[in-house]
Amino acid sequence: MDIDTTYQAPSVDEIKTLLTEKFAGKVNVTKIETRRVYATLPKEFVHEVCEYIHEKLTFEHISTVIGVDMVDYMQVVYQISNYYTGVMVELTADLDNHDLHVQSISDIWVGGNWHERETYELFGIIFDGHPKLERLLTPDTYEFYPFRKSYKLRGQE
Amino acid sequence: MVYSSILNWVQFPDVMSNMYYPFNVYNLPYDISYKLWELLGGTIAWLINLLVPGNPVSTWLVCDEVVNMFALIIFMIVIFLVVFIGTLISLWEERKVLGRLMDRRGTMIGMKGFLQCVADGFKTFMKENTMPKKVDKMTYMWTLALVIGTSVLIACMIPLSQRWFVVDYNTGLLIIMALFALAPFFILVSGWGQNNKYSLIGGMRAAELMISYEVPMLIMIATTALMAGSFNIGDIVNAQFDSTWYFIPQIVGFITFFFCATAESERPPFDIAEAETELVEGWQTEYAGMKWGLIMLADYFRGYVACAMVTIMYLGGWLLPWDPLQINTYLPEITFLIKTWFVFFMMIILRGAIARVRPDQILNIGWKVFMPLSVINLAIVLMLKIGGVY
Amino acid sequence: MVMEFLKKYPYDKNIPRRTLWIMKPIVVVSKLFVKAVVHRDVAILYPYEDLWMPDNYRGRPGLRFDKCISCGICVRMCPTSCIELVEVLDDSGNTVKRPQVNIGRCAFCGYCAEYCPVNAMTVTPEKELAEYTREDLIYGPRRLACDKINENMEVHLEETLMSDIKNGNSERRVNSFMIDRPILDSSKCISCRKCEKVCPVKAIKMIEHGVNAKGRPILWPEVNKDTCVCCHNCVDDCPKSALHMDEVL
Amino acid sequence: MMAKDVLDIKAESAQMDTDKMWIIMGPQHPFSHGLWTLKIQVDGEIVKDAEPIVGYLHRGWEKEAEARPYPKIIPMADRLCYAASMTYTHLFCMTVEKALDIDIPEKAKYIRIVADEICRIQSHLMWLAAVGTDLGNLTLFLWGMREREFFMDLNVRLCGARMTTNYTRIGGVRNDTTELFDRDVMRCVERFEKVLWDLIALVDDSSIFVSRMKGVGNLTREQTVNLGITGPAMRGAGVDFDIRRDDPYDNYDKIDFDVPVMTQGDSYSRYQVRIEEMFQSCKIIRQAVKKINALGKNAPYRLKVPSNVPAGRSTARLEDPRGESLMYLISDGTDKPYRLKVRSPIFTNVSAAKPLVQGSRIADVPVIMAMIDMCLGETDR
């Protein structure tokens, strides 16, 4: 997938138009700033959208996969950046508390592998198709997920 | 009761007059130890004679055979002490010079830092003698003793001058080189015996390093012997007295031998077997306390021997290029030691300036660069020999 | 914008001819060797010589005993909560509350010196703080007050207001503790006088506003604008949280 | 029994997996510069497989940050990466300023640039010193540390602490630059640019250093980018991206400097990128100090910010000496963050240890991992 340098990477507005018309009902671009695009999407299309962004829009680098515990539901936030224009796309996908499964994107970007493992061990979000979903930072004997809001620090309650 | 004064028990006869004098040339350390025993034995004999006049023991203590025997024992201690102090000074020199290379002070406490090195060495002797359980007892202990033994043995065998020698072989250099080359086998077996991954790799690397550097060294020793006409160290040095020092005609040989000697004595930049960032301590990982202290000492003995061989073969042993004050007649040993420390100083600069070489690079430098260079050196010497220059 | 290093040492500068070239490092190292032997080397021999530290060096915190008004802002602002107010006798004999710092927990961040409204807590360049037991690490107020505290050990909190910048007067710097004042939500106030007792600088006076149903006077706190140091004690201690801090931006 | 001929024996031994040996270059190891383990499977000297294990320094930084008001997180952010503490406090303050949607004064931006570049040079010097010990030459270590002392003195002059500087505040910086600060900075930078050539001569002119670093730990541009390696390790493999230039923050667009990019993608090119970055940082410091002087003595350097941050989400990213570091903040109107995620460059660079180290020799493992410039505080958070 060697992109010749003459290819002009998409600017922020082009990304918005490309995304909205390619994934009409699914991706909804919430906000645009200089070199930032924020979008939300249902969790089923995460893999498909990421693949599209990776192939067509030459976003080559995934910065982070962030897990967020909003008490009544969970969220996974992908931050994907482009090396040609410095633009960063932020995809947010909501997960129901009972079905914490989302398609892993470590096959598109290998860099996201450890981020997903960390989000799994701290929040309990299971990434299907992840080559080695195991505990990374916390010791293997942990059964609970420490970063959930339900896990109270000693000072809190 | 006839009183015999101490003077007729402690005469200082000429050493050579003793019937059993073991050497055929005047030997200074033997002379020192002979006189020491005369003093010591004489006083003991005199005391016993005071208590029991005319008893056979005191006459036995002073007769020729006994004096010779005890003199030999003290002779061993004198030789070892001098070499031991020489190595300790080179250790101290390393810590001070390496410090100054790195813009810091070396050791400070004790006579300008010397006693701190002695204290560090002595401290390791005080440490507990631990023996890890999973280690193969026999190899762990024996190979250590052999490595230290051979190193100290060669260090003592190096003659410091015409009159300061243990034994005057006429194949001096070859024997030193032979014993010098024994160490890699012991290191290999000890690395393997320690049953620890790091030391296994360290042992293998030590073996491959030393074997591949002995070949160029032997060729260069042969060339020097060829030039000097004999293997005897005394003859080599005298040959250099007649003509120039050998590092001028054999400049190529001097440089390659210097590098081979650093590699052979496992000093950086060739210390891939011992302390390496990824092998931690290499084959010395499982030794602790006194054992490790002795290994460190053995390393410095081998460094001392390597430098001594360089001085003997290339820098004209105990000779001074021009000798206005005839120092050489009184202190040839000091000139030899100073030259050895100077070569050691060059090894320290090498250690401070250059990074560690990768094992496979070491082998390919050893076989592809130093081997041909030593052969070139041999060719140069042959041409000089045939051309009648030397 | 030329990159001299990459120009001088391009990637393939060491062409094979120079593979065994090691003279330059030896020359550089011996030059330094001579310099270190002739002149003094850079090393500082710690126990005998010491590195000079300027006064603003953040060693352990220091306290100027008499200037402290025991307002407790340093207790609230300390990230590792290692400061406590302790009863101690001051010079004239009456018991007074002064901060006591547990150096074992202290992060040497300088917040207590920065947020102290009267600059009683300062930063001292003292860094030799080793002790034998953990209890010795707890510095009482007297021990904190080391004698040689001077004014450039103080840390000043100077902020500019955004409103100042908007109306062009951006030179003016102000200490945020001198402008924010607590505001009373009179409906919640049950006139229990707690805020008056708790205020360290006695800036709160209870003003009477008529009589309530049971005939007892209704007292509302009224804050004296210039003596208040905005230490949040009254805001935190008010049982009905009638007071809240109005931040002037 | 018929004697087996050589080929059978060779075939048999190929299946028998006896010669592979797992070496654990454990948490306490001279090459690891911190607490992490690299398990390598070794066949003779060649490394067949590698598996990094991290997590020894995991202290739940993000969970702890959720229980603290915003100003109290700044000293914690210092302790993320102890070698480059200024960049992480700067990153945290930038994220909160974005959430507050305020624009900090010009002088504060330039002071932050100077402080960041001093911290970058200091961190690169610590890395250069570590390269010295990894390759067996202690002189480079001592010289590197000596140079670093001068920059740590600048930190002390600026904010009173050598390493954990705790200098940036939400809305600006802690205190103004002291009166002789620009003279000290210029003196230090000029001296450093003269003396750095000695360190370079020790490494670049010695063919042993170069031959050990060249052709080791090769990664193509695609592999580097896909593995998520960022920072100088990525620029060594041909990716021309630097957040300070391509996604500028805090007036970096007003300063012109070069971004060194090498295409060979091995340890030597990564080394050269970092050395060139030190020269560029000196250039940046010069321009920024000139601009600070131009702004005058009593220009504002710190804004007064409310203690409660309005609800919302904000991300900010910054060019850390080791790569791209990023913070994602969810604030809920109180004075404590609801969720604060830190992306550390070394966390992803270490995950690429296996492809980096595979196929090299044991002696090369420290050299390769030295070019990733490990800092375990930020990896484990």
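Just so it is clear, A, B, C and D label the chains in written order, and each chain counts residues from 1 on its own.
Throughout what follows, a residue touches a chain if its C-beta (ideal position, glycine included) is under 8 Å from a C-beta of that chain, and two chains touch if they have at least 3 such contacts.
These figures come from a predicted structure and were not determined experimentally.
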| item | value |
| --- | --- |
| Chain closest to the middle [Cα centroid of all protein chains] | D |
| Centroid-based (C-alpha) most distant chain relative to subunit D | B |
| Whole-Å gap separating subunit A and subunit B, where each centre is the average of the chain's CA atoms | 67 |
| Gap in Å, rounded to a whole number, between the CA centres of subunit D and subunit B | 48 |
| Centroid distance [mean C-alpha coordinates] between subunit D and subunit A, Å | 24 |
| Interchain centroid distance [CA atoms averaged], subunit C/subunit D, Å | 29 |
| Residue list for subunit C, restricted to those that touch at least two other chains | 20, 22, 25, 28-29, 32, 42 |
| Touching two or more other chains - residues of subunit D | 139, 146, 202, 206, 208, 211 |
| Contacts with two or more other chains, residues of subunit B listed in rising order | 101, 103-104, 352-354 |
| Overall pattern in which the protein chains touch one another (line/ring/star/complete/other) | other |
| All pairs of touching chains, each written as two labels joined by a dash | A-D, B-C, B-D, C-D |
| Contact footprint of subunit B on subunit C as seen in their complex | 20, 22, 25-26, 28-30, 32-33, 36-37, 41-43, 45 |
| Touching residues (chain side subunit B, partner subunit D) in the complex | 98, 101-104, 197-198, 201, 268-269, 271-272, 276-280, 352-361 |
| List of subunit C residues in touch with subunit D within their complex | 1, 3-6, 9, 11, 13-14, 18-22, 24-25, 28-29, 32, 42, 53-54, 56-58, 77, 79, 107-111, 114, 123, 155-156, 158-162, 165, 170-171, 173-174, 176, 247-249 |
| Subunit D residues touching subunit A - in the complex, by the definition given at the top | 54-55, 58, 60, 62-64, 67, 222, 225-230, 239-241, 243, 246-247, 315, 317, 324, 326, 328, 330, 339, 341, 343, 347-348, 350-352, 380-381 |
| Of subunit D, residues touching subunit C in the complex | 68, 71-72, 74-76, 78, 102, 105, 139, 146, 156-157, 159-161, 164, 166, 171-172, 174-176, 178, 198, 200-202, 204-208, 210-211, 214, 256-258, 260, 262, 264, 268-269, 272, 275-276, 279-280, 283, 298-300, 302-304, 306-307 |
